[in-house]
Amino acid sequence: MGPELRSWKEPHRLVLLAIAIGIVVFAALTMRWDWLPRYSGKLVSGVGTTLWLLFLTSILGFLLAVPLGLAQAAGPFWLSGPARAFCTVIRGTPLLLQLWLLYYGLGSLFAYWPEIRQSWAWPYLRSAWPYGVLALTMSFAGYEGEVMRGAFAGVPKGELEAARAYGMSPLTAFRRIWLPRAIHRALPTLAGETVLQLKATPLVATITVVDVYAIISRVRQDTYLTYEPLLLLALIYMMLTGVLVVAFRWLEAKVPVKSS
Amino acid sequence: MLDWISGFAAWELLALQPPGWGGVLLAGLAVSLQVAVGGYMLGFLIGICGATGKLYGGPILRDVLDVYTTLVRAVPELVLILLLYYAGTDALNQIMILIGAERTDISGLAAGIFVIGVVQGAYQTEVLRGAFKAVPYGEIEAARAYGLSPFQVLRRITLPGMLPHAVPGLSNLWLIATKDTALLAVVGVAELTLVTRQAGGSTKHYFLFFFAAGLLYLMVTLLSNVVIRRVERHARRGMPAVR
Amino acid sequence: MKNKIITTIAAFGLTLATHAASAETVRVGVAAEPYPPFTEPDASGNWTGWEIEFMNAVCAEAKLECVVTPVAWDGIIPALTSSKIDAIIGSMSITDERMKTIDFSDKYYNTPAVIATSKGSGITPDAAGLKDKILGVQVSTIHQDYMTTHFADVAAEIKEYQTQDEANQDLAAGRVDAVMADSLALDAFVKSDTCCEIVGAVEDDPAILGAGVGIGLRKGDDELREKFNTAIAAIRDNGTYEEFSKAYFDFDIYGK
């Protein structure tokens, strides 16, 4: 009898709902929200940056996770070793530290190479977002690579043998059977990983990428308010998480995941 | 041209005694570990209460706990840490004033433990709830039939029975706790990541110090993994092997 | 049983909260990030710098027991208003905007705001010189206000940093073309790093740049403010101020 089976119309829920509405109304009336209109445009563009970061790094991260998982599951030692080391390092250190190591650490090394400042890559290397994208992508790849390793290893041997028996070359068998089956097995974890990725995005604000978190920090500094901007920020992230969860549920309904 | 190598290899800056910053880094690591251990234990207490409440509590308690776990898991840890860091200490001071006590001075360490604990509590509630449910109800009924008190049932049957199911989730959360402490750098708690940045800022050797701190975090994770594997083997003894 | 657990948690929480602040102790907030030469941690983890010496002198004069409490700069005013700290000695300029939220003591130093760039950049410290440049500045500072007011229209981008240290670091790394900050802070930076130079002071704008640096205090904490004001005047008169400043600066930073 999970909570989702019970109706929200039960009396105690109506009371809880009333209390919740009461708190919201109380917050709306007694707290300071006059700054909201001034920042609404910036907030929208901040949410845009957050979502752009989320989708770009999730997709890139997943593309990187496939070879990482394959190398660990079936690669020779000189491939599986580095892949395992990569996943261990990424999963074993805080993302904030990785981000600062990339941005401030590498940045301080670039200063020793005047050649880099002359190169075509400099306009990218001097802005902050490539470091944010790189760190978030590697983070997603590190965690999802571990999942993909399990997914590749979990595809029943019989299916691969059957593919070979049908005369498929190893490459075709990989492309037609092994990879799709592994991705299929990893799909249920994607929703959770993407929500975790969303929750990791605000860290890029600490290296001057202007996402929604950075905009709220700006509000906090301009108005010296502590709670109101942070509460709004929490609300924004809750809504984004909610949308993601619903979207993934819809996707999963479209792609039937058999019990594998 | 090779300047940067010599810059990177300024190893003497990592010496334990000043002018080396090694001692400061280790002190930061100690703070990180204290926060992680304290927050993890607080989270475990919350988790046990939360899981029991979710499974055996009344409908109101269950809904309130649902709201707690859902909210905490839907909002980035960074935002929660900022909110709880200010709101939590504020609220405690208000309570102290209400009950007539003097305003207390909450150390960054205590606030950090509180914040990590509340966040961990939500995740541990879910892990422990799942583990509790994995204990066959018949075993509990049998224990009751033998006349064991509810507390004895918890201690002798439910806890040992659920442990193998809880250990993987709980160990994962421990690793997350050690890494989440880094976020406290943003509110100015002098844990490993913040002192690393201070060291980097003072010496201009950012790469060296971030690299060293990364190694320290990695060591914590790898050592934890060794311990976790032992605990898992211990908890799973007598259970059928799973793949 | 549940009650027992809750009591345990409460007891746990309370023992962690350190002892009730005694009446004489003043927790002085400084930015948790290095801000040389004013406040910076040394390799043994102690806080050093001109403002720490200033704090010691003022507190000794006012017979207050002051403890340094590092707080993240962007949360330092909320930390003051929510009683985590009792005073801010963090090179905080006295401005009308901040006076809406907190009080200030009298000023204890006042220096101009300047612009630093990489060596030989040819940038001048005005709107024409900063046209289409990427600028860096620390958040929640008068300099950020100044940049947004005067240079936002001409600059390619204004990057905001949590700490001055990070802004300086990005100037050295060439990620920003110019940073604006207090002349002494940037002076310390260009002396420690060969990359950059100060190109001059910006045109004054008293409404934004304020009237010098003061000790930040909670509104209504008049007793503490009076004590600090008396002490600042006293150490100016009896030569203590000059004494500890000599080691840091070769001129009087109190301003006129």
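Per-chain numbering from 1; labels A, B and C assigned in written order.
By definition in this document, a contact is a pair of C-beta atoms (placed from the backbone, for glycine too) under 8 Å apart; a residue touches a chain by one contact, two chains touch by 3 or more.
If you're wondering where the values come from, they're calculated on a predicted model, not measured in any experiment.
Set side by side, the interfaces B-C and A-C show unequal numbers of C-beta pairs in contact, with more at B-C. At the far end from subunit A, in terms of centres built from Cα atoms, lies C.
Separation between the centroids of subunit A and subunit B, computed from CA atoms only, is 21 Å. The distance from the centre of subunit B to the centre of subunit C, each centre being the mean of the chain's C-alpha atoms, comes to 33 Å. In this assembly, the C-alpha centroid of subunit A lies 36 Å from the C-alpha centroid of subunit C.
Listed for subunit B are residues 82, 86, 186, 197, 204, 206, each touching two or more other chains. Shared interface positions of subunit A, i.e. residues touching 2 or more other chains, are given as 104, 107-108, 206, 226.
Of all residues in subunit C, those touching 2 or more other chains are 75, 78, 82, 166, 169, 172, listed in ascending order. Residues of subunit C touching subunit A in their complex: 74-75, 77-78, 81-82, 98, 100-101, 134, 139-140, 144, 159-162, 166, 169-170, 172-175, 195.
Residues 18-21, 23-24, 27, 38, 42, 45-46, 48-49, 52, 82, 86, 89-90, 92-93, 101-107, 109-110, 113-114, 150-151, 186-188, 190, 194-195, 197-199, 201-202, 204, 206 of subunit B touch subunit C in their complex.
On the side of subunit C, the complex with subunit B involves touching residues 1-2, 5-6, 8-9, 12-13, 16-21, 27, 32-34, 36, 40-45, 70-72, 75, 78-79, 82-84, 163, 165-166, 169, 172, 192-193. Chain contact summary for the complex, subunit B toward subunit A: residues 1, 3-4, 7-8, 59-60, 62-64, 66, 71, 74-80, 82-83, 86-87, 175, 179-183, 185-186, 193, 196-197, 200, 204-207, 210-211, 213-214, 217-218, 220-222. Subunit A makes touch with subunit C in their complex at residues 104, 107-108, 110-111, 117, 122, 126-128, 206, 208, 214, 217-218, 220-221, 224, 226.
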